[in-house]
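Two complexes follow with chain A in common, the first pairing it with chain B and the second with chain C.
After this line comes the complex of A and B, so read on.
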């Protein structure tokens, strides 16, 4: 009896998980399906049956250069992730292992910057970028993406570091480890899953960031978000082409997520079960 | 010693190439058929102007507006040529954000530009943007359904005729809606249509003292007529429909009539995209006998921001892209039906174009019927047919558009929507210091 209940429960849970996964994945699936339709089919309304034409992909690749925005996306995503980690690891270390009464407030303040509407600082940021020559440069976009994602990176690393017993670090210190050695040889190896998942998540966030990348780039540094946006049309059918452009833009990051999912899940659940 | 001549030659070549330095123009544009076609034809321009290279930045319409506004207001200099509409031109010209186009060349023939369009792109008698393509709005209707309803569409119908025909053409069982009109909220969506429609009902946004007029009976008549008509003969979920949604419905044979941009005529008569391509007729936008029709005037135009350091090259490009020769180039490469419409008088006297575009005459008549300097029946202090050429309009009209869209969806009454519109616009105008 108990075994029957357990099997039924397992089956229910499995169905539920599949259902949730399908709901979460459905927008991407439908984008892929729409990209394989003709413009007429795409505009005709909801349908899961495309005519499996690749004409939209051909039109998109014919109309715009894909590889330069792709290259730009790779550079700014990886660049901003590396810079963010270089800043966030020592910051999170300091807050996790040598907290002060105000540490929590500092963390909250950092996170609060994410709550501010980005449009509110658009003009000042634009002027700063303009006057420093950072407009439409890969360096400028790397800086802005670092700043945008830094609070999340610090928070995530702080959470992971808090799970590491401080005694181990103290033991390393007792053995004569310097601060640098303590960080590099003791803390980082123990926090690898957390750092890896933070890194992957930051790459994904940077890859998908659209507000700043669309507004602070023109052509030379324009990433794939600009590539997608260029296919939206005020007059005329464009859904199939827009979907094809979106699939081309998200494909690399989907593949990255797919191949690193074990690492991602491991990192995201790090310390969740004690 | 033998290396010296070689070195000298290399130096001369290097200096020569420096003297032959390329000017690169960055052009901000939207993604529509005519603009994409122009990008494909730029070899013609660069062949004639080998010292100028073109760099295209194609953006979504709203992002384009935001980007070029930010850039021009901060004198960013990111763009040398901008694609802007008739709404922006008078406002930006007044702010000295645009350079006057006074060096388009002797062969340009500025007097050939359609007077209504030219007027909409000028300020203080100077042309600040050159039209790349222009449009008005008119009725596109199904000739077969009109015949089935036992009616004949006049060239210049009234709103009463249109409403009657729409109700008669509606066949819910066959998924045919008598009329498809914009309902999606936005200053360039439902408010473009409703503002133009209100002109024909004798309404206006502001009186001579800039006081909003949504509490006047003309606006009540406009909105009530629109909501009732759409309830009886419009598609389900019309409050979400904009240009592209209605285009799809019409092409699928689900609309008896559609009042929208004249540029749509080439889409609905294109047999590759439209199932009703051979059944479409055209008529002027309706009126109520008060002297104004419910059609608008718009032109996507090319302008040079005041911050550009490459004004001469930019004028050369604009002159090429909006010239008679460019129209002939498109015709030679892609046929007369694909020529950007609504900019030049000579196009509409061209027999080849008239043969290729059966909607040509009606488009021209519609454009000529719009008067941006005198858009309403009663006197107004503003210019613009489907918009009011003041900076505050876009924000205010988007709010009003949301209220009117809610009235169409039935989530608020016509009276409440108008009362709230009056209150909202009154507050904004006071805050902006108009009174």
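After this line comes the complex of A and C, so read on.
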């Protein structure tokens, strides 16, 4: 009897999970389907059956250079992630292992910068970028993406580091490790799952970031977000082409996420299950 | 060499003094145990010696050299933690070799030292395993191996056996004592278990609320406790305390009698009572007797006795085995 109940329960749960997954995934799925339609089909209304034509992809790649924004996206997302990690690892280490009464406040303050509407600082940021010559440069976009994602990176690393027993770091100190050696030989190897998932998540966030990248780049440094946008504004009605551009833009990060999902899940549940 | 001197060491956490003022002289080669109830500051004191905590004031000297402002890496001490604190991503071999790597010891020499330590600690067959594939006792041995390879001035043990089961704890207790006899290096050992303290130590420091209540050999502490706290803490089962008229008779505010120094009789004695619970240990029996007007008293008798719960009995202290205390709890001699 108990077995029957648990089987039914399992089945219900499975269906429910699939349903939720499908709802979450549906916008991406529909974008892929639309990208495989003709412009006529795409404009005709809701349909899950495309004619499987690649004409929109051919048209998109013909109209615009794909590889330059792709390259820009790679540079700024990976670059900003590396810089953010270089700043966040020592910061999170300090807050996790030598906390002061104000540590919690500092963490909250950093997170609070994410709660502020970005549009509120758009004009001053734009002017700073304009005056310092950072506008439409890869360096400028790398800096802004580092700053935008730094609070999240610090928070994630802080959470992972908190899970590492302080005894082990103290043992390293007793064994004669200096601060640098303690970080390199003990803390970082133990935090690899956490650091890897932070790195992946930050690459994804940086890749998808559109507000700042669209406003602080025009041509030279424009990443894939600008590539999509270029199909939306002047040619708003061409849904199939817009979808094809979107698929091309998200495909690399979708593949990255797919192949690293095990690492991502392991990192995001780090310490939760012993 | 490894003498440790504490001079008026004080430690305050957020305005609250955890160690008000401790001065101690631990001689080279001694096995000293810090014992006391939880929260008495014994681990803090050990961590101050290790350099893992900064002293608020006072001085810590190793072999006469002031190390108060030196970090743990520069004191030349080794520590074994309660949680073992092994590096989970390293093999047993790498764990034991880690202090040698940090000291930039030649690889061939380091390998030899690791092999020697592994042989002494019966770890040779486990050198290529990760800590998670070892039992609790083996992990503790690895932690000890990591401490001995470097030949430190002194070993610090922070409740190293409290995560082990009872049988293993007794074995490890003997192993650590043997190791001390073999190495003849100073060891400072923290525990809340007075049996561990009594069986292992050359000298015991009894701590209470960050203060040293008494510092002496196990038998000194047992035979002449300085105060009521030490008298109650050292000895198992605990010393019986009597106050009021029973103590007044001996010109004291309170008197103490150890359970092994109480005589029991069915016919006559000093205090009358009724047997409550009888704990049979085989070799001994602990009888808990409700004494009229005094309260529960423990009596240690032979393993084979015929006292039953509910029976009326008489208790009397052995002459010359009564400890007398004044109002402040200090021993009256």
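Brief remarks on what is shown
We take it that the second predicted complex is superposed on the first by the 269 of 274 C-alpha atoms of A that agree within 3 Å, B and C clash if a C-alpha of one lies under 4 Å from a C-alpha of the other, contacts with A are read in each partner's own complex, and residues count from 1 in each chain.
Quick note on the criterion: a residue touches a chain if its C-beta (ideal position, glycine included) is under 8 Å from a C-beta of that chain, and two chains touch if they have at least 3 such contacts.
Computed from a predicted model, the values in this text were never measured in an experiment.
Superposition note: with chain A as the common reference, chain B and chain C can be accommodated side by side.
In the superposed model, A:231 lies in contact with chain B only, and not with chain C.
When the two complexes are overlaid on their common chain A, residue A:159 makes contact with neither chain B nor chain C. After overlaying the two complexes on the shared chain, residue contacts for A:39 are found with chain B alone; chain C is out of touch.
After overlaying the two complexes on the shared chain, residue contacts for A:189 are found with chain C alone; chain B is out of touch.
Number of chain A residues touched is higher for B, counting chain B against chain C.
In the overlay built on the shared chain, the residue A:208 is in contact with neither chain B nor chain C. Applying the stated contact rule after C-alpha superposition, one finds that A:136 touches chain B and leaves chain C untouched.
Of the two partner chains placed by superposition, only chain C is touched by A:174; chain B is not. Shortest separation of chain B and chain C in the overlay equals 50 Å (C-alpha atoms, whole Å).
Once the two complexes are overlaid on chain A, none of the chain A residues touched by chain B in the first is touched by chain C in the second. Touching chain A in their complex are the following residues of chain B: 26, 30-33, 36, 39, 55-61, 63, 66-67, 70, 73-74, 76, 78-79, 188, 243-244, 247-248, 251-252, 261, 263-264, 267, 273.
The touching residues of chain C, when paired with chain A in their complex, are 50-52, 71-73, 77-79, 81-83, 85-89, 98-99, 101-103, 146, 150.
Of all the residues in chain A, the ones that touch chain B in their complex are 39-40, 43-44, 63-64, 122-123, 126-127, 130, 135-136, 214-215, 218-219, 222, 226, 229-238. By the touch criterion given at the top, residues 165, 167-168, 170-178, 181, 185-186, 189-190 of chain A touch chain C in their complex.
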